[in-house]
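Labels run A, B, C and D following the written order; every chain starts at residue 1.
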């Protein structure tokens, strides 16, 4: 934005780099600060805490903020840490504080009440308070598309879903997925399992083993680290028999890296939930004085906050890609309303 | 028929669940037979898992398919060295062994995650590229029924663990080292007056427990989790300790107990697919391994007699 | 000569010093400033009223699990099961707090009592098996921990779930929280539980040191054969010791349920309150007052450590290491005694 | 005088706060049995531990075959041909005799496997040669104390010991076993082995040893030739005053029946019937001594009376009331006191202060507690009183029982038991391992209680003790009382035979 035109290759400087170079020299950082509190997963969970932190970092860098003053995070190792962490950040006078994950709902609710002058945002659940913005995602939409992809990929007409802990949130993943599968072919069986943990890889391994052994060839998981076990099992099968048709659909972020086995990749696709996008968006709004306090933002396909990864172009073929895009279109234009609960799913299937 | 189906689908899983526990429990047997309580098995497993993954990530390019084997060895060595802390505390400094073990557990997790952060800038590592894979043993796997159960889709580490249990039995009960080790755990002063260095034997016992628990932790990491974080080892060490006691401090008993745990655990997952268990609420399957263990201990296993001097620091000339 | 009493004080102090020293060395090795690190730790624990309140709050359940383990230790038992007893106590307190609507003077004490009973019940199983069948309490308590974890998660999900992973909130009449305390400690989650912990410590001290029950329990702990010879029932005392230990741990759970959280959430893994309690009991030499003081130290370390990464950039795991080192040296007190004696000798 | 195999010169050994050995000399001639005598805590074990390399002396010199040596650990001692049989056996109970013997010096076959066969054969040869009969394959926990001792001796011989230290070897043996042991010692010296023998029993010293070194309170008193001295001189050298051996007592004056046992059957842990239809009466004002070889049901008998073990059938009456299968607490309350056989295991909570040990059965009663709250003032007053009355040597009532000497520990137990004024006092092996001074004291105490009108049941493996103290002797064999005799009407010979299972008639004939 400032007169540094005579500097080197002007064409190549996209927005970000321009700002970076200028920030260091003169432009004053905005008088705005943002921070987040992780849930028990920690900031580097390779999942949505990490994604949220990436969003905040990107936001901070974009606006020339300094870590520790303009933006920061506080990590919770235990549920008891939420309150101290939130309060710590409040004391450091951050303007906007994110609580990442529905586990923080109570704590954010409490601190929001006692600190009406600070703005808060909660990801993955809803709080009704004027100084809190609630952000949730239309996971069912992405899961629906994952279901479509699974239905198109399966040869055995049997697919599986592994959930972490039973909860309304994970239910949306499951229901959306089943709806997607059935939309393509109502005859495909979906086996649903819940590990009742987000951390036991061994459990994921066992589920995958048992599912693949029973002829299921695509597994969609929404189960945190349990999913690592599913990838392990799929990779192991590929190692033993490269022609084994086993696939995993990742969750929250593109889990392509987890699926690499030699020159094969078992990650068919991933249901990507762009917490970073959400975080950045809410921060932008807050900085520009339009903080959506008291509102509930549901971010979905249309906000680019939910998407389906196409990194694995060998497995995730063009045909699949096209068909998924078709269905995506139908969701976007409202032809399809993806169910979110078991009852809605029943109605949805009946209507097929 | 259904039972055979169930067994066939469950056995490979049982074998791979139990391998880390067998290794670690055998380590526990060495330490406890020498008279040193080792509640630090959990922490030693953490160390093993951490080193196993660290080595694998670092040297996968260099060693290729040998990497997991070398990772295993590295993990054993480092965990063995780490176990020396426990030996120093409980043998030389006459520490309360339970407490020293608790400290080992805390240090291992703290250090493992601290170093992971320092090295990878994140609380958990990436997935390794060179894990162990299951193998199907030629010929043996063709044996009807048994072949399917025991020789297909299993890790070599599972077989190694079982063979090692037999080897440990041999060492403990047939060699002079074993005789001395057991004597030290039963009656250290008798051993001492016979000219056996109680300190030396106990150090060896504890270090071996470190090596084996390291192997156990690394086996878990290299076959199941494929990465390292604070959550990677969560309770397997305690289960191994339980296996030691359940198995009455006998290597084959400990192995049996570890396999029993593996079986109960596998059943809680695989069992759901079988009509007999279909209507059983999830929670019952989840707690089944633990309830079964308690019932087994209370019922037909009965009183287990620990090595006499277990937990007592040996002070020369005291009584 | 150094008196035993002096030693008992000196050993933990020395250990704490050594723990921090090792922590400082690690920080230096990895390029952090120990001064910044420890300043952040101190400020994060006692820097202002809020943090002080949090430190106290964190110390409450630690003190109680410490008492639980110390009590069992003194009776010759090793209660690794505090972890599970915390869960069931927590669940029971929250259930009682949700389900009933009573005047606070009745509701609150009853909720705590229910938690104590639940914890005691959980500890009864290993106690009974140890007493009647000679089953090693360590194995049974480990198993009971897992059972508690899964069962309490299941019960929460099946019967008490309000939203996400959390139960309904307890009724105000069962809450340990108070406006006054929260305001006094500038918004901290501190609650009246610290009084419960102090009463708990007093009760433990009183039972063990002043009553015939304590006399029996300690006798059984030191020498079960002599206890039997003297006409005490070893079985009864083992069960009793586990019941009381379980009660303390159950109350620790109630502190979380009625105080800090006002609810219970499902847990992916253990709370570590029980395992940390082992460290607390040890540092406190298995005494009541010692456990309370040790809990304060660990509470401060745990709360303070949260400030280390943001303020000084030091990973909070460092504190975990420092705690472990302290425990390590306390356990190895012999070496400290030896060093002190040596020092004294040379002085002469 | 250069044929000393071992010489310990001016040995000084300190423990924190105490000098256990000061300037002690001991010279052992080849082929002699050399007794080492001293009160409890005089420093005998310490001196021998120094010789065996378990302790390092602060001062002094040790010579073996005239050459100065430094014995840093038992291995060195073994190499120098010194073997020791400890006061408390150093045997691993779960191991077999052979495993215990070879431990640390295992013969190895191929593949580092212990060659147990070879070892067993060698051991069999050794035991043949020295007349130490023992089954190499037997588990230690299954064999008698005497056999265990032989295993201990074999252990030293297996390592080629030429000097054998025996620390109180007879304290745990039955008269028969003692006889056998003496035979063994004689055969050992005839094979050229030299023996240092620690014992409190002066008669034994007189019987077997050639010379005797006496130490008192850590200092050497002197060495005498045994055939130039007598029991009284030895005793006064050891204690520093005259000791009377024949326990003085008046005629008993028995009154009503206190304890009455009829057709009692009791099993041991392994469900073997150990007491088989036993009948026994003890009356007020008499001491009944139960003589018998260890393992004939004495322990089970005492445990059944005191409620520590359930009886299978039969009745036990105290003052006419049935007490069989009552709890220990109930039995105690109905007037039974019990001086247990193993004072460390049963008699004391070693980590409790003396004062708290003195109320081990009465802590819950007034005045020691009031509605479940202990009154430490009363507990300590009581302890001070007992310490004074019974001459328990302890720095203070707060002192842990662990740090008292065996003799004083025993005094504390006796004080506690006697002080409750029981109707029946059971004393099991009350003088085991104690020196003559302490024994004299305890015997006097038992007689005093008798004279106060109490019924005293004395169970002992020591014939001397039974003969000296009892008013009536009940001989126990194989779970039954096989004979009731008066001490003045019998002799050791007859008793020994009765204890071995001969009938009274047969025993009388001999």
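Heads up, the rule we're going with is that a contact is a pair of C-beta atoms (placed from the backbone, for glycine too) under 8 Å apart; a residue touches a chain by one contact, two chains touch by 3 or more.
Quantities reported herein were computed from a predicted structural model and do not represent experimental measurements.
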Fill in the blank from the handout: Overlap of the chain C and chain D neighbour lists contains B
Fill in the blank from the handout: Farthest chain from chain C by C-alpha centroid distance is chain D
Handout entry: Most contacted chain pair (by C-beta pair count)
Key = B-C
Problem - Averaged-CA centre spacing for the pair chain D and chain B, given as whole angstrom - result: 45
Practice task
Go ahead and note the Å separation of the Cα centroids belonging to chain A and chain B.
Solution key: 36
Handout entry: chain B and chain C: spacing of chain centres that average the CA atoms, whole Å
Key = 28
Problem - Chain centre separation (chain A, chain D; CA means) in Å - result: 77
Practice task
For chain C, jot down the residues that touch at least 2 other chains.
Solution key: 150, 153-154, 269
Completion exercise
Multi-chain touching residues of chain A, meaning two or more other chains, are 196, 199
Fill in the blank from the handout: Expected list for chain B, residues touching two or more other chains, is 231, 234, 282, 286
Exercise for the section: Could you run through all the chain pairs that touch each other? Expected result: A-B, A-C, B-C, B-D, C-D
Problem - Residue ranges of chain B touching chain A (in the complex, touch as defined) - result: 9, 12-13, 17, 121-124, 126-127, 129, 131, 133-136, 153, 223-227, 229, 231-232, 234, 265-266, 269-270, 272-273, 282, 286
Problem - chain B-touching residues of chain A, taken from the complex the two chains share - result: 42-46, 50, 193-194, 196, 199-203, 205-207, 209-210, 213-214, 225, 228-229, 231-232, 235-236, 239-240, 257-258, 260
Practice task
Would you mind writing out the residues of chain D in touch with chain B in their complex?
Solution key: 49, 52, 54-55, 73-75, 78, 84, 86, 88-95, 99-100, 102-106, 108, 112-114, 155
Problem - Interface residues, chain C side, partner chain D - complex - result: 1, 210-216, 218-219, 222-223, 225-233
Fill in the blank from the handout: Counting only contacts in the complex, chain B reaches chain D at residues 174-177, 179-180, 182-183, 186-187, 189-196, 308, 316-317, 319
